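Here come two complexes built around chain A, the first alongside chain B, the second alongside chain C.
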Partner chain A sequence: MERENIALPDGALGAIRFGSIGLGLALIAATFWAGWSGDDKTAKIALHAYHIGFIYALGLALGAMGFVMIFHQTNAGWSAALRRQFENVMASIWAPAGLFAFLVLMQWAYMTHFKDGDAFLFSWMNTAKYGNDHLLEKKAAYLNVPFFTVRAAAYFIIWIGLAGALYHFSTRQDTDADPRHSYNARKLSSVGLIAFAFTVAFAGFDWLMGLDFHWYSTMFGVYFFAGNAVSSVALVLLICVLLRKFGRMVGHYTEDHQHDMSKLLFAFTVFWAYIGFSQYFLIWYANIPEETAYYLVRKEPGTIWEKLSWALPIGHFILPFLFLLPRPRRRSMGWAALWAVWMLVMHALDLFYVVRPEAGDKFHWADVTGILGPILVMIGFVASRVAANPLIPVNDPRLAESLGHKNYV
Partner chain B sequence: MTTLQPDQAAALGLVSHKPRSEYVDPATIDGTLIDDPGKRAPLVLGNRDFHSVTNTICGWIENKTPKWWPMAFIISAHIAGIGTLAILYLIITGVGVWGLQRPVMWGWDIVNFVWWVGIGHAGTLISAILCLLKQKWRVSINRFAEAMTIFAVICAGTFPGIHVGRVWMAWMLFPLPNMNWIWPNFRSPLLWDVFAVGTYFTVSLLFWYMGMIPDLATMRDRVTARREQKTTLGPIWAPHPLPGFIKNLTITLPLNKIGSWVYGFLSLGWRFSNRHWNNYEKAYLLLAGVSTPLVLSVHSVVSFDFAVSIIPGWHTTIFPPYFVAGAIFSGFAMVLTLLIPARELYPGMKDFVTARTIENMCKIITVTGSMVGFAYMMEFFIAWYGANEFEQQTFVRRAFGPYWWAYWTMVLCNVISPQVFWFKWARTSIPFIFVITIFVNIGMWFERFVIITTLSADFLPSAWRYYRASAVDVATYIGSLGIFMTLFLLFCRFIPMLAISEVKGVMKQADPHAHDHHHGNGHGNGHANGHTKGAH
Partner chain C sequence: MSSTLSQQFEQASPGQSGSTQSETTQGELWGVMAEFSDAASLYHAAEHFRDAGWKRWDTYSPCPIHGMPEAMGLRQSKVTFAMGTMAFLGFSCAVAMQWWMSAVDYPIITAGKPFGAWEQFTPIMFELSVLFGAFGAIGGMLALNGLPMWYHPLLKKNRFLRVSDDRFVLAVEASDPQFNKDQVKALLAKLGGQHIDEVEA
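Entry: the complex of A and B
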């Protein structure tokens, strides 16, 4: 009985794993085909849509990795029982790595297919159009293809290395019960968090801020992290509630853990709003041309971006803030799961808002397939991780403390 | 031994009869964090019971004034006096006595303002955010840190007030209706400062006072029991021989009666009833929730003072979270700067403010210091990436221009020095920690100095000028330190420095599920407080 509670049967989640990955790949293929068979404008849309999905998948893994390292670094007791779910999402970093490789392939294919067209994800790569741009000349030492490639490779090596080592420590402990793994994980996390801070910030600069190479904001790395933190907490919360719904982790994921997960979701929702507001507000107030261009596009009256400019503060902050504020709603698994889903959707809208305006305001069905494809692949990877190991780190030295966790007051 | 009052005996830690090893794991006898991930160091050491906790903490107030206290108080009060004179001179003469001159129109005054507001962040972070995060180690330092917050914000508030030049017009900072229909500029971040700092001060003061009510009531009960005892002060000690009639002068005052009245008034009729505790806990949690956004908002608004402008080096979007991290960084450093001597001077304090507490604080200093370092690097990178020549020039000038010494002092103190706390020996060596906290205090002052000296090279090169502070600037700054220390020493002398009830809440005896139901010797001795509290 006990074993059933903390593990899924062999071959479980098969439908989700294969169905999700299969469907995801099919959608990605359709997206690619849409761009290939259309004109260069459609190709650009397909690239941007796929990029949103890729960043979404990557953000889930990165956010979860940040939490795992923070839990280790702070020697957190309450979270020990549910850390495994964060680790499952973290260890799925291979999915975004593969998705990125496909992105490179896609960009290369379109580049050769539309020789004179504007089928570029990063406009600075389009030397035909921007070769004489004054700002690009100034930034050429950073924004060039070889250095960009080296950086991307370095990010993934660091992330995969960190995720692999942390996952290894945790799963090895399941079998050998050696508390030294926890100690090692803590040591690694201290250095890991520093590497994480820089790689995430620069990945944000490279892959999101760099979409419009004229624009810059010192805050952007933090903004990228804030969004990832929200989406990864929401996903893990959802996984835990679903596992509970199917009769697992009873007594391991209690109402008190639920309460704390909701608090994390709430806190990072507010954090995202704080960072987003500060960035917008300072740019709006100073009103200097090189910065406001970014928001000018997104506040163009009558466009969908303008509507999103209203929808995001309301949907990504005000509504979840008001609904997650009362204690009973945070402790209720049903309500919290509902808001987790809501935040996952909102995070997609947020990325849509950041990425998509760079490809113009015409839409194509590839927008839907491009965004959903990579996300479905990621879900499939996470599901196979969930099925592969015990649902809790069974021999974690802090497990007893975590199981007895109570939220008094 | 016989000359000791009972409270003194408790304060000196002499009431612990039993060998320590009976309760405390020998590995954690000093409360340092142990590396074994499954174990937690105890929060209160020294085999204490509830009674001895009350006696020790109240003993610091009730016992004879320690010898160092009057000396420290006199020195601080004199320094505060110098500051007051400097301010008086400024008001009489005008703001010209400061080193301000075009183009540097914001000088030490704004540096001091931001520095003090930053220091004032630790208290609320410890009492509000760490409360919401259920970090129980905070209970031994929260009262202390909150007091520091209040005094730091008082010092901070002085500077913009006297910078307005015509101090008698400072009321116009507030949007008060007046006959001429003159309103402050609502789009000015300086007005937002008035609201942000004002709100922060009010809420922090309320939070501090509300948390203190049960302890003030404890003081009231204890002093009322000795109500009729009169206190004899004197004879006066002086370094030089005084005439006999002064030297032998003693004065007898009904201090206990006064104390009973004052503590009685301040404790607002608290009677330790269950209902009182229930309301107290609710209010505490609510105030913690209200204070948490304030910790972020105050320094974000202060950062807007700089960041909403279009001055190169000032306008950068990372300023709000970067200022908040820096504020927590400097606040924790200042708490440690004050806590470390207090821990040595007050007997028994080490049992509460354990090596574990100190070690945790060192770690927070490293984390926030690294965040600040991260922000410095982002600023530099984006200054280059933004490809704005003025921005780039500003940053090059910061590091290699006439103020290079300030910049590298800042980097050394803020980014490099806290990195030593990666090593356990550094986090456990008290004198070493003290030195580092001083470094951090200096570094955070220089951080703001580096920002304001950006002004010395504005868009018009013929106007460039090297900014120097005047003697009045220095005296005002030193004086604000004196005001701060004076207030702080008064706090140490008259208010329980540790939150008695909260400390009891994290003790082993308070845990209803503890395996040994050993409730200590203090149970049922008439001091009712603390017993009603469960795990907080």
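Entry: the complex of A and C
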């Protein structure tokens, strides 16, 4: 195993790391300024746009964390060589943690700046406007600032703890070649997956479903996870293909690994559609006012949300389904990378569709900067991780099995 | 175990025991078969037949041999096309059937929903796509394998039965454009084939 095949040179990806983080921070600052200098409506738009970017960044890390734990839990052999790239994305959880801290700061600043205005990300926090709402009174035991804060802190402590420990096991194994790290990772994953399932579902409830406190959907936690799984697989697939493009991981990321990554992308694309449709179908059929409010806004004729209601099933499901269906396309790195990029864009559109209608249908340039800023910061963090470590877990006990992985006809 | 089994085969066919000469063929010639003692020699023989551009031949082994599809130059199975076509047909049937029943022939107001709403059709569209796709897969597999078939010519050969135990067989069909009985026999012998025998249809 030659070193240049499994590691990037020292100081590699500098332009992406610093350029992406720098530009991202500048866009975030511009977003904040747009809200600060405008009226409370603009502030609300800035908050929602930034929230989309934050959730996107968070979802990448969470999806990757789920895959790392599933790989450990199932003792997966095929994925050992490319698990490091999932770990790199997972360990970038610090980026969304920081982005969330800034979101709290932003909300606090707007709240004090626009004293009587509606500059709130979560409408339930706007007690001046919704204090007497009957549903809010009923849900006050869950939707209150102290409990919300405790939950958010608990999520990040659990995620950072899990990601940190799993990353530590894997990178320590690179140097000391101790197979016990693999056992420890597997043990941690067994409880970690349970904690992961609960925290991801409730984070989805708190941060996306909670945007409109009237609305609820018991499916929403799974919907959030499905989107994260798609975007994280797409990102890791893209990283692996790019590394191959630059002559790295030759023999470690083969056509057969590509085939399986494409299968995961394909499977979770279908899974997203299945969950998304099930959520819509039950609400459509039951026709209960508290539930239909969500789709009533998004199916309002003539709005951009109505167009997105058509664009998402087609672009996020039907097109990738038909194009990734033939086996040769899934085995081709070029085709798969193209669809990975497509799915990453579609996932952003999906979050836009979930979050943005809550801030009305007026648009502002802060929509673009707010979404791109956090995503660019996340990309910079991921690039730093990719450059920092060997590109494969060099001493993983299952590495030999992974290198010989084949999909037979 | 394998020796006992092979003895049983040979007892069951005393005329063939240890024979290398061909049986008297009365029917039409179906092809030529040769035995190989191990997977590696069968694999290399398959590579040779692939590279020489033979069309109608097959390998038979007691276990799957990794890499054999590549060594034989097999392309992706065409069963997927049968499956995809049937799945699409199932999808279309589901749309047409439900639209006809609930929007045209016998519309009933249900929960105030539009008669032809696609939402309520979707589960059946999915189910019929899967069902027809499965029919396509089974039917396509049977058709491409030439099934149902009363018997396979190779099964008339008692020595061929050992392919389910410890022998590896390569058989070339007479319908191959390159087929010439004596040349094929010589080629199989050169590649390490034993008990080369003619098979009648």
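Note that in this section the second predicted complex is superposed on the first by the 408 of 409 C-alpha atoms of A that agree within 3 Å, B and C clash if a C-alpha of one lies under 4 Å from a C-alpha of the other, contacts with A are read in each partner's own complex, and residues count from 1 in each chain.
Keep this in mind: a contact is a pair of C-beta atoms (placed from the backbone, for glycine too) under 8 Å apart; a residue touches a chain by one contact, two chains touch by 3 or more.
What you see is a predicted model; the values in this text were computed from it and never measured.
**Student:** Which of the two partners, first being chain B and second being chain C, lies in contact with A:363: first, second, both, or neither?
**Tutor:** In the superposed model, A:363 contacts neither chain B nor chain C.
**Student:** Is A:183 touching the first partner chain B, the second partner chain C, both, or neither of them?
**Tutor:** In the superposition, A:183 contacts chain B only.
**Student:** On chain A, which partner touches more residues: chain B or chain C?
**Tutor:** B
**Student:** Which partner chains sit in contact with A:327 here, chain B, chain C, both or neither? Use first/second/both/neither.
**Tutor:** second
**Student:** Using the superposition on A, tell me which residues of chain A are in contact with chain B and, in the other complex, with chain C.
**Tutor:** 285, 408-409
**Student:** Where on chain A is chain C touching in the complex?
**Tutor:** 277, 280-281, 284-285, 287, 325-328, 406, 408-409
**Student:** Show which residues of chain A lie in contact with chain B when the two form their complex.
**Tutor:** Result: residues 75, 77, 135, 138-139, 142, 179, 182-183, 186, 190, 194, 197-198, 201, 205, 216-222, 263, 270, 274-275, 278-279, 282-283, 285-286, 288, 290, 397-398, 400-401, 407-409 of chain A touch chain B.
**Student:** Please give the residue numbers of chain C that touch chain A in the complex, ascending.
**Tutor:** Listed in rising order, the residues of chain C that touch chain A are 64, 66, 69, 74, 76-77, 80, 84, 111-113, 119-120, 122-123.
**Student:** For chain B, which residues are in contact with chain A within the complex?
**Tutor:** 33, 35-38, 40, 132, 134, 281, 285, 293, 296, 300, 304, 307-310, 315-321, 370, 374-375, 378-379, 382, 385-388, 422, 534-536
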